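Multiple structures are listed underneath, in structure tokens.
In the two complexes below, subunit A is the common chain; its partner is subunit B in one and subunit C in the other.
Here is the complex of A and B:
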């Protein structure tokens, strides 16, 4: 049951002005995205058309609190087929970015950010790895890349995640 | 001489050294010079869902490293290819470029970003690769797996055909192996949802594994370390979840190509594959 009295009429504009969100208002609900989606093929709880529809209706809480928003694999199968030329995967990503700003960020992403702050990579380069690389004839690599932390500190990403 | 900067990303240099090793050795065989990108980091893709702009900046910093040495970039991971390609396009917009300069970065020389396999297809070409094949992999049935970000989104790449991809099929065929044509060729491996819902991710990986089994393939050819995580590292989990047996080797394409170019098993790092390809190798020596 959708209670439109809870609709936030500003929500769709908030999304439409973001990079990737520009196509939102062109959606006429044909469901080609849902039909092309490999995730939905295996799990009907994820449906890109529904997320876009709820966004257009201003059902902000439903969209942002839904765990299924994060099921998008960003595979772009939808983007390729949208008859309205909407970059659907980028649109879903814009909604994810907005959800993060509103305080809804899955823990896994926070952990990844911590790793990148610390090492500049997702995986630690251990002495074992460096020795193995040397043994099989691969060139050495940097253990950490501190410049990544500098970039992360220069944007709002850390502040946003503390919410 | 074809010369490129090689971007390794996070996974390849520590978890898929056999991919890197085989790519470097194949490059040597084909007269391709791969130059290290000192100071390269994560591509930025893991940050995209959190903050796309920060992800682009991290990607653009990597591109600036290649720009300084005036070399086009080749990558081994599909998602790195997408992230860096996106940043490369954004660098040509004034808005992003000014943000990029604000964090103290520079882009003195325009560079292209492509997947290593795409570079093989476009710059070396099927004919020249065919001429270099010394030990054709005759008798092998290989299932090419493209992965999503090798050719999608087409707005970013303008390469191959997103509905009926064919470049990897051609590259498999030129080794002498049979490239298996199958339904759902462009299906996602499920890797991107692994951290969100493992059962669902395994379900997605299982889909292609079951097609591979039906087709009786000798191996799956992968070109992305994350797809390999799904098909090789998680194959046991798929077997358990779906009460079946697979035992299907998952080789990186440069490993297969390397074997056909006459490289031995060590030179393509075959012993580092988790699922052993002994029966496949036996067919080749017969």
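Here is the complex of A and C:
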């Protein structure tokens, strides 16, 4: 049961004014997004409609703490089909960004950032890989890309994630 | 007049090959080649048989004559049947014409070129204006002391939220320019008698109390009685800026203390007498509008018990007059609508009223939170834009029907399940608006003998007459027909006034609908016809069965129900049908008795699609399967028919409401009897055949021919 006394009436406005969140208020709950979603097809716990409706009701805690918010695969099937023209995938993105700002970020994303900062890649390049490349006639690549760390430093992402 | 029967045969520019035609000395055979364009001279008294193409087409070309139609084009020529078949079909039609009473023309004289408009809301005002502008004498009556009806109580109109005065004031000032118009307020209709063109109406006018008024308003200051008028406070003596321009006393609440009489510089009479008059009119337009459903009956929502729970109208008036400053509002939809415990129907406009109230709150108090709790949002047509706009403005929409409203810690708590999130919600608010449905003014309808479907007039059952003409001569306009918005009401009022005008500008109207006739000498007063008539046209008057000519639609169902064959349908007498079947059916034939509204069209469709069927299939046209008597079927079987197919409309789609159900009941009993007699029961079948279902017709015919 949800007690709307705990809801934050400003939450939907916070999301709606963000980049990608503009369409939020247009949702009339047809659930075409959920019906189109390939992720939901495999895992029913993920449901874009519910994320949007909880956001509209101002249930900040439920939305931001939910691990399922992060399941979106960004295939944009929902965006194509939404009858109200909401860019649903981008809307989910906007909610994610807001969640991160509020300090709700899954550990996996933090680890990915650490890897990028350390070597500029998500996957480590080992000698095995270099040998394999040589065998099929490809030039060697750098094990680390320090420029990526510089780029990341110039954005706000480190500040935001440290929160 | 000629006693001989004229047989007009059309060969459609030579495309229909005809055999040698000879039908005996009583007939005159005439050959034509283009009956649909070149009309021969036929007097209305002549008995005529027309053999040509579809009767549906020819009936429209020869509406004024009594004719039996034979379709030799679609039933013979187009499907390659032998030309000799025409002999049997035409001979059968001639036999029917010989033994059938012609359909008589009915004439109504329009004696009084005058109209009565019941109800002084926007619909009534618009009808009165349109009629009087077209030269009709109009009496407009309103039961309240002021014109304006429901709209005069509103603050604003959906979708934009324009003040009601934008619409109502011009309408009322229009009336001022009408010359032949009488406006009677505080007046109700008590009794009506007569028929279209000649109604006698009794009116009752109760006093307004205020006789001479200079609009000083001193009476309001001294009146001790305070009344809550749908969310707005007023005194027992009050004023509305519509018409007439004078104060009035609400005698339901007035205590007759006499304070106003003392202070009034004009004249107030608390003991005025009720005035009763009678007038003659030619047409009556009912524009009685709508009444709010009593939401007190929806006990779980606590209307009248919990403070802060209001109807839409009360909330609107309270917010508009500045007495209410809501911070958190819940608008509950379908309060008592689409609910078998209350109103089973959808009132169509309450969704929009709910949106209007949500917009009102957002317009006046942008910071207020508004929750709209709706099972379904039926913002039909372009009203969807209003719904879209409100979502953009941050109104929260919850899908569901609240279970109850509670009072907890001083605020109202609405408990509902939100179907969008599948979670139980509790919303605490300071105001709850119940968007309830509407009921009709059934009192006026019953006085005018208007048939009701639940609460509202039946619109679609009126065979062939158009939705406005209930019993012809009485018309409905606006929300009296069904709850409708202001724009729709005005459009409907204009339609109704043009229908009334069509009637009133004629000197007489004529109709040629067949009528049921009862032979008094043969009637045993068993009363079975009364229950079977779909139009409630039959009643007992002075120990005699009486058929109301205005209500009878000519379905013929009563003529088959009557156990003593006293009731007969003009143009479809049993005797005539017997003779037709005798002449039509030969040994081995398959008789198809087809409803003229659906199955008969399917047989024609078969020809148009160039689909053929057995040559032994002979098709007969009847007004309704409900008018097919088991004796017709038995006669055909005894004449040697291998089977009888009765084709009718699908269930619920009968042109005469339930004729096909009657036919189904008769068919099953008939099949049972056939079995008892040791015959194959499948020789008689009743099938639902839609107007385009040629394939189905042919499939059934082939099955029966096997």
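Quick notes on this structure:
Just so we're on the same page, the second predicted complex is superposed on the first by the 163 of 163 C-alpha atoms of A that agree within 3 Å, B and C clash if a C-alpha of one lies under 4 Å from a C-alpha of the other, contacts with A are read in each partner's own complex, and residues count from 1 in each chain.
Simple rule for what comes next: contacts are C-beta pairs under 8 Å (C-beta built on N, C-alpha and C of every residue); 3 or more make two chains touch, one makes a residue touch a chain.
This one's a predicted model, so the numbers in the text were calculated from it and none came from an experiment.
With both complexes brought onto subunit A, simultaneous placement of subunit B and subunit C is permitted, the two fitting side by side without a clash. In the superposed model, the vertex angle subunit B-subunit A-subunit C (Cα centres) comes to 100 degrees (nearest 10). Once the two complexes are overlaid on the shared chain, A:28 sits against subunit C while remaining clear of subunit B. In the superposition on chain A, A:137 makes contact with subunit B only, not with subunit C.
In the superposed pair of complexes, A:12 makes contact with subunit C only, with no contact to subunit B. Looking at the shared chain after the overlay, A:1 reaches subunit C, while subunit B stays out of its contact range. By the touch criterion defined above, A:89 lies against subunit B but remains apart from subunit C after alignment on the C-alpha atoms of chain A. Once the two complexes are overlaid on the shared chain, A:53 sits against subunit C while remaining clear of subunit B. Of the two partner chains placed by superposition, only subunit B is touched by A:76; subunit C is not.
Partner contacting the larger number of subunit A residues, of subunit B and subunit C: B. Measuring only between alpha carbons, the smallest separation of subunit B from subunit C in this overlay is 22 Å. Once both structures are placed on chain A, no subunit A residue is touched by subunit B and, in the other complex, by subunit C. Contact residues of subunit B toward subunit A in the complex are 8, 10-11, 13-15, 17, 20-21, 24, 36, 38-42, 46-54, 57-58, 61, 102-103, 148-149, 152-155, 162-163, 186-188, 190-193, 195-197, 200, 203-204, 207, 269.
By the touch criterion given at the top, residues 1-5, 9, 12-13, 25-29, 49-50, 53-54, 56-58, 84 of subunit A touch subunit C in their complex. Remark: subunit C residues 369, 371, 377, 387-388, 391-394, 396-399, 418-428 touch subunit A in the complex.
Per the touch definition, subunit A reaches subunit B in the complex via residues 19-20, 38-39, 42-43, 67, 70-77, 79-80, 87, 89, 93-94, 96-97, 100, 105-106, 108-109, 112-113, 116, 120-126, 129, 132-133, 136-139, 141-142, 145, 147-148, 150-152, 154-157, 160-161.
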